[in-house]
Each structure stands twice: as C-alpha cells, then as structure tokens.
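Shared between the two complexes below is chain A, which pairs with chain B and chain C, respectively.
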Partner chain A sequence: MATARSTPGGASRGRRAVWVGAAAFAVALVLWYVLTTLTGVIGSARFPSPPEVFAAFRQLALDGYADGRLHQHVLHSSKLVLMGFAAAVTAGVPLGLAMGWSRRVEAFVNPIFLTIRPVPPLAWIPLAIVWLGLGDAAKVMVIWFAAFVPSVINAYTGVRSIEPYLLEASRMLGVRGWSFVREVLLPAALPHIFTGLRLSLQASWTTLVAAELVGAALGLGKVLNASAQDIFPAMILIGMVFVGIAGGVMTCTLALVEARAAPWRQG
Partner chain B sequence: MATLTTRTTTSGLIALGLAGAVAFLALWTLLALSGVVQKQFLPTPLGVLQRFVELTQSPFVGHTLQQHLLSSLGRFGMGFGLAAVIGVSLGLAMGWFRWLDEIVTPFFDAVRFIAPIAWVPFAALWFGTGIGGPTLIIFAGAFPPALINAYRGAKFVDVRLLEAARMLGTPGWKIVTHVLLPASVPSIVAGLRISAGLGWQSLVGAELIVASSGIGYLMVKGQASISTATVMAGMVAIGLVGVLIDVILRRVEAGIHRRRGRGE
Partner chain C sequence: MSNIVFDAVTRVFRRDGKDFPTLDGISLEVRDREFVAIVGPSGCGKTTCLRMAAGLEFPTSGRVSVGGKEVTEPGPDRAVVFQQFALFPWKTVWDNIDFGLRNKGVLEAERRRRVGDIITLMGLEGYESAFPHQLSGGMQQRVAIARAYVLDPDVLLMDEPFGALDAQTRTVMQEELVRLARKNPRTVLFITHAVEEAVYLSDRVVVMSRRPGTIREVIDVASVRQSENWDRLERIEEVMDQDSFVHLRTRIWKLLREQQAPNDH
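Showing the complex of A and B:
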C-alpha cells in the first residue's frame, strides 16, 4: 500500500477505483430502491422513490413545470449567468490588472473595493430586489457583484506575481504601451486570471440559483422553489441534479477554453 | 516589486487612498441628496450608519441587530462545527483507507457541483426553518473544503513517517489519529478557513429563504418594507462578521505555523 500512496491518482489504482466506485453506486441505487419503493422505510413525502424521480423528470422535460420545460429553465438560467459573468469580467479583469500594475490606482480604488469585497454575493440579493424587483435585471446585478470580486482579485494577483526579470527584459527590449500589455502583461497574468474566472463562474451560478429561489419567472431556481412549495420531493431532486449538471458543464467548458487560451499553463 | 510601478511615496499613496474614499462617499451622498434616486431607495452613507446604530438599540422584526447576529452565529457554529468534524475525520480516513477513498470519492464528485443553496428545499422539508434547515445548508457549503484539505494533507504526509509507524506495528485507525492528523494540521486549518467563508455565505443565503430570525431574515424584512438603509446595514453587519471570522482563523493558522517553526 505504501507504493500506491506515493503515486496518488496514479494509473495503477485507476481501474480498481472505477470498479469499486461503480459497485458503490450500484449498491446505493439498490438501497435507494429498497428503502423507498419496496419497504417504504423512507416515506415519499421525505425522499422520492426512483420511479417518482423518473416521472418528475419526464414531466419537467416533456410537459413542463413551473411555467416552463426543462430546456427553457436551463437556457434562461445559463443566459443570465453568462450576461452577468461577462459584464463582471469585462469590468473586473482590467481593473484588477490596473490595480496590480499601478500602486496609485490600487491606493485610489482600494477603499471602495475593500468595502464591497467582504459582502457575500448572496447578501446583494435583497438590495437588488429593492432596486430592480424580481426580474432579470436584478439577477444580472447580483451575478455581477458575485463575479466581480474574484475576477479583480485574481487579475491583481496575476500581475503581482509576474517574475521581475520578465518585466526588466521587456523594458530593456523597449516593449511598451499596448504591445506590452498584449505581449507581456496579459500572457503572464493569464493563469491567475483564469483561476479568477473559474471562481467567478462558480460564484455566479450559486448566486443565481439563490436569487431565483427567492423569486423568478423562469429558471432552475424557480423549479426548486416551486417544487418546495408544492412539497414535490421528486421534482426537488431533479432540480438539484440539473443545478449540478449545469454547473459542471459550465466549469468544464471554461476549463476547455482555458486549455485553448493558455496552453503554457500546464508545462 | 519595485520595478513594477513608478515610485510613489507612502504619504502620496495614503493621500490617494483618502481621496478615493472621499470621492466614493461624496459621490454616493450627492446621488442620494440630489433626489435623482428616491431617498427610500438610496440612503446616504450617514443614513446607513444611523440605521445601523438604531438597529443595535431598538428591535426590528422582534430582535435587535445583536440578537439577530447571535442567532445567525449559533446556526453558523452548528453547521460549520459539523462540517469540520465530519469533513476532517472523513478526509483523513480517506487519505489512509483506500477502499473508503474509492467508495466515497465518486459520490463526493457527483454532488460537488450542486450549489449549497440548492439544498434549500430539502433542508426546509427535512429540518424545518428553525435551526435544522439553515444548518444543513451551511453544512453543504462548508463540508467540501474541509474534506478535500484534510484528504490532501493526509495524502502528502511524509512517507517515512508512515513507514516508521507501520514498522512499529501501529494499527490503521491509530495511524490516522496519531500520524496523519498532526502532520496535516496546516492543510486542515487552511481548508477550515475556506469552509468558514463558504459556510458564512451559505448561511446568509439560507436565512434569506428559510429562516424566521437572523441577519439574513432582517435583510429580507428590510427589503419587504423597502427600507434600503436596513438592507445596507445588514450587509455591513454580514461583511464585518465575515471579516472577523476570517481574522480569527488567520490568527489560529499563524499560531500553528509559528509553533511548528515555519515562521509565517
């Protein structure tokens, strides 16, 4: 076992892990079926049985629930996340770069930024509702604040962690102005920027789900909210599953973009 | 680092910082006083401060600000404590017992992408809106970092320590408590700091939706009565407590590093 430990995640343990994992899943599924459908130890008012979940999935996908079908909810939520995320990143990354580059900008902006920073993203929800109501604008505002802070912080760290010799070399070679930003600053800070984007995206998604839970016309959070009010556990579970799937797909997509845009990160 | 920026004196930087703060507050005050935005929707900074003080003295929706904060902190302590205890012990055990790792990891990966806040409906259904429901949501937020960091800490323990322990015939569970746990304390504490941050955030979300007291509830009620000053005072309180929790855990972390002679 000592040899396996020294190579965590190594190829040798891969196959066994897959089998054990699959077996564990199978056992869990059987257990779920036995506890709910067969014996009824867990009542369906507390946790749904497999057939109920399947029926709920069919209903959501084909007939619609909470004023929309599955793809409409997913598309609506994704659209809002992308809007808020894009707006936050376009503002946050340049600001972070500027703060990292110039101590003066940092000194000037910090009082404002340090006021916003400790406020958890979800705490903007009531303010957004007072200002903009329960519509899409309020959601985008909340997502903006959720995604803004990590994108600023990591762009800032990215600039600050550039090796001094890179800067000296580029200065000596007379690279300045726009070409300096494009050829030196951005590529060097890109790995950190992407870390920030990943954190921003996750925060955006969590925050949107919360905002939709509080009140929305459409979206996965609305599905969760409606199913909670109808006491419809099967639909709650389906809602959670798709919140997870959509979040996972977004994170993976960003990882793919990152591999394309910053291939020098691995290596 | 000196090559990074044009040189500016420290006093110049302080002046710029002050200028930034003043500009921010002045712009806000002007916007609030000009009447472009209704006062109800945008109070002045001073108005928010006044409301903050007011809330600490006279009760709003049943309790004063301190009482709301205490009830929030109680829930936070429950959820975070449970997440820390279960997450750290499970993480350490997974770091040693391979079968446990192989069984738990697929489940953990499967639920990892579910946002903690998505547990709200089940939390309310199973545990109600008192202390149980919000606690589950905080737990869902704080659990993953606690587990992951304990697991990583255990995985990167010096192999020689483990070999020595095995050679001396230490049973598996004792290796976990006597070798893995002490060796991975720095990683565990770093994880708990992240846990606490995420837990506090999840708490706020939980209280916005499923609670009948607490700082999040105060904000919801402020929102319902369109009292922007109350909402903003709540945001200030949440931010301050969040910073306070982080400062305390940073202290703990620094203390541990110092005692271990890492000198940080």
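Showing the complex of A and C:
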C-alpha cells in the first residue's frame, strides 16, 4: 500500500486493482451459479446454490434461526468479542509497555507469561466452562486469553524497538514522568501496539466462534452449530459470511482509529 | 561562564573480560563562547568525548565538567544536535522545537515568541505544522538545530550534524551555522571528520590520534581568521580559496594522515 502511494500513478494502479478484484469476484459468482443452479454439477446437499443462500439469508434476517434473528446473533457475538478484546487490551498493553521499559517488571512477569503463552487459547475452553459454565462469561474469559498475549508481546516489542537516540534526545530535553510516557514512550510504541491490537482482534473472533460452537444461547457460532446439525449448508454459508463481515468491520474500524491516532505515519 | 573542561579523561570498554581503551588522557578546555571542532580517524573516540559532555556517557577516570560543574546527567543546559537528527516523528516542527521549553516550564507566551523567532531565524516559516518525514534531510537538521538553540543552552554539542546531508545542503547549512554562531555566540563542541568543515566553522581544531584516542594537536584557527579577515567573505568557497585556509587545511590533513594505520588507507 505504501509503495503504491509513493509511486507516480499509484492511484490509477490502485483503481485498476479494485477493478481486477471485482472482476474476479464476478467470475466466481457466475461459476457458482453455473455449477449449482444451472447445471447441477454440484448437488445442493454439498454446496448450496445462490437462490438457496439468499433464501437462508431472508430466513435468518426476517424470521430468525437458532433462537434469534441475524442482527441479534451479530450483535451478541460482537458484544462478546468487544468485551473480551477490550478487557485484554486494557490489561495487556500497559503490561507490555511496563515489561518493555523496566527490566525488573520483565524479570518478574516473564516466567509466568512464557508459561502461559504457548497454551492455545482454545485449550482454555474446558477450564472456562468448569469455572464459569456455558454462559457468556466463559466466552469472554477465553477471548481475553486469546487477545491478551498478542497485545502484551507487541506493546513490549514497541518499547524495545524505540530508537535509542530518541530516548537520548528526550533526556537531553528534560522530558520526565507522565510527559515522557504520553509524549515519547506511547507514540513511539504506537505502530507496534496497533499491530498487537489487530492480531488480538483476529484472535478474538477465531476464539469466539470456537467457543460458541461448544454451546451458546445466541451468536454466529450458534448459527453455524445449529445449521450443521440441521444439515443446512446454505445457512452455514450465511453464518460464515457474517462472521467474516463482522470481523472485517471491526478490523477496518481499528485501521481508521489507527490513522486518527497516528497522523504522522501517513506518507 | 560556561566552558567545557575535560580533565585527564580516559575511557575503557570491557568486552569478554578484556579491556579496550578508547580514550587515553584527554585534557582540553573549550572556553566560554568558543567554537571547537574535534577531528580524528573513525573510532578515535571523538563522539564519546561529546557524549560525555552531554552526560550520556561517563569517563572511566578523570573528570568532565561544564561551567565548573561535573557532568552527571543529560540536561537542556547542554543541548545536543544528533547526527540522526533525532526529531520526534509524531510531533510537528513547532512541537519538536517547543518540547524542551515546555519541559523547562517556560510560560506559554514566551515560548511562542522564542519558538517563532528561531523558526524565522532558521528559515522554517511555513513548515510549522509539518511532520519531520515531510521535510528533506537539510530541513530536518535545521529543526534539530533550532530545537537545540531555542533552549538558550550554555553549551551546544554537535555530533557530525551535517554528516547525513548531501554536499550542497551541507554547504548551505555550514554557512547558516556560521551566521547563527556570529549572531548568537555559544560555547560549541563540534564533532566532524570533514577537515574543511572544521576549519571553516571553528576557532580551534583539535586533532585526535587513532584509538586509543589522545589529543595529537590543537590548531588555532581564530587568529588566522581574524588576521586574514575571513568574515568579510560571504561564501564558503571564497573562504576555502584563501591561501591561509588551504594552508591550515593541508596541515590538518597531514596530521590526520599520520594517524591512519599503515594497512587502512
């Protein structure tokens, strides 16, 4: 993206890329239609046809499926993701910054952190269920674990990769205390922090779907689980598409926040 | 009085249990409002000298003091201009220059006046709200010099400030620095390995030996500048054309040549 912007004619090249992408999408849609509805090469029990998918979408949006309508599922899943993500980031970023800045904090926290880190987030699900049952709290806890690790690691890396001469310049200018944290440490680490947030967000969605598959009252994972049990491929597809859309919207929002928070990084 | 005094300063690096002396008995006084340049082969420890005056490094033995006070930590009374500019990428030109004054607790109105003045003096008008990455290397270094000058420091420590600039920009910046230094004299310690730059800018040039660094010779430029009246000349190339300039330059070149190891030429 950066190179496209900095080369002359980058804008037109970017526009061409959009057209090529749209064309590929159109080809895929046509192919889908031809292979299912038109010729029946792929049977509808294996992969749904476009009209079936549209019908499933209507059903989910208007009548509801798996104890809720589309917007209820999407909102419920998004709420859990946001809660787990926010809790993980609020704890993880300051911890990562502190570990990056202070050898003492690092020495204290690192052994515990390194022990927990290799455990895949999904492996926490059984423990979360034992502690908190099948409700939302257990899911938030598992998401928290998934999102916590990348936000810590990247905030830590952010501090460690600050150019030493910037730290020397700030000492020379007499920057101290809170002003140092807010005006030097945080902005210098910000690119890495945002990388961490992006990875945390992705991990949150992955984990949420898995956690909802195990058991949920509402949510996109529940839609996926119910449609699998009903052998309803069109609905499975709709569930997948909306997991993608909801995750994508959050990732884009995060990118907008980053552009706002770090205007100096625009080339 | 704000002089810089190096008193029998040595510096030893320890690596793998072995001692590597980098500076060996440096004694030097940069007098109040004097412009002193240190030249020397790479690795001779000239940058270490500057960093010790800044309080970013410390001698193994001996003493470095500024204005009679031993240097114990960095501070805005000893402003540093770094070779890599070291501007804060997330701050605008104005905020970069203003940052040090704000930390010193200077009042808003006075800050605005002083930052505004230095921006005019350094020819940075119109770039106040630009971010460093939007500026050329020469402009960034102007900001870095402005950021140091605005603090009204006792001493100014410049570590190869023009090393990263192209030849033309470098020339312009050298002329501007001379203009600034005449208008607003400061005690300056200037590190460079460009001999012409050293002779053009300074009152005295210190030639260092190769590692472990010692002072090979101190050359008085100020008296030649005065007797030959270089200051009447506007441009750097006119000064560099003077026989007196060429003579000094050649002499320093020869001293530096002698410092080169026989196998690195």
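In this text, the second predicted complex is superposed on the first by the 241 of 267 C-alpha atoms of A that agree within 3 Å, B and C clash if a C-alpha of one lies under 4 Å from a C-alpha of the other, contacts with A are read in each partner's own complex, and residues count from 1 in each chain.
Operating definition for what follows: contacts are C-beta pairs under 8 Å (C-beta built on N, C-alpha and C of every residue); 3 or more make two chains touch, one makes a residue touch a chain.
Computed from a prediction, not measured in an experiment: that's the story for all the values here.
Once chain A of one complex is fitted onto chain A of the other, the partner contacts of A:71 are absent, as it touches neither chain B nor chain C. By the touch criterion defined above, A:182 lies against neither chain B nor chain C after alignment on the C-alpha atoms of chain A.
Contacts of A:262 after superposition: chain C is touched, whereas chain B is not reached. Shared-chain residue A:168: touches chain B and chain C both. Within the superposed three-chain model, A:244 lies in touch with chain B and out of touch with chain C [touch as defined at top]. In the superposition on chain A, contact of A:58 is made with neither chain B nor chain C.
Within chain A, the residues touched by chain B in the first complex and by chain C in the second are 168, 171. The part of chain A that touches chain C in the complex is made up of residues 163, 165-166, 168-176, 179, 183-184, 187-188, 190, 262-264, 267. Across the complex, chain B is touched by residues 1-2, 4-6, 8, 13, 16-17, 20-22, 24-25, 28, 46, 101-104, 107-112, 115, 118-127, 129-131, 159-160, 162, 164, 167-168, 171, 205-206, 209-210, 213-214, 224-225, 227-228, 231, 233, 236, 239-241, 243-245, 247-248, 251 of chain A. Contact residues on chain B toward chain A in their complex (touch as defined above): 1, 3-6, 8, 12-14, 16-21, 24, 41, 98-99, 101-103, 105-107, 110-122, 124-126, 155, 159, 162-163, 166, 200-202, 204-205, 208-209, 216, 219-220, 222-223, 226, 228, 231-232, 234-235, 238-240, 242-243. Put simply, chain C touches chain A in their complex at residues 54, 56, 73-76, 78-80, 82, 84, 86-91, 99-100, 103-104, 131-133, 147, 151.
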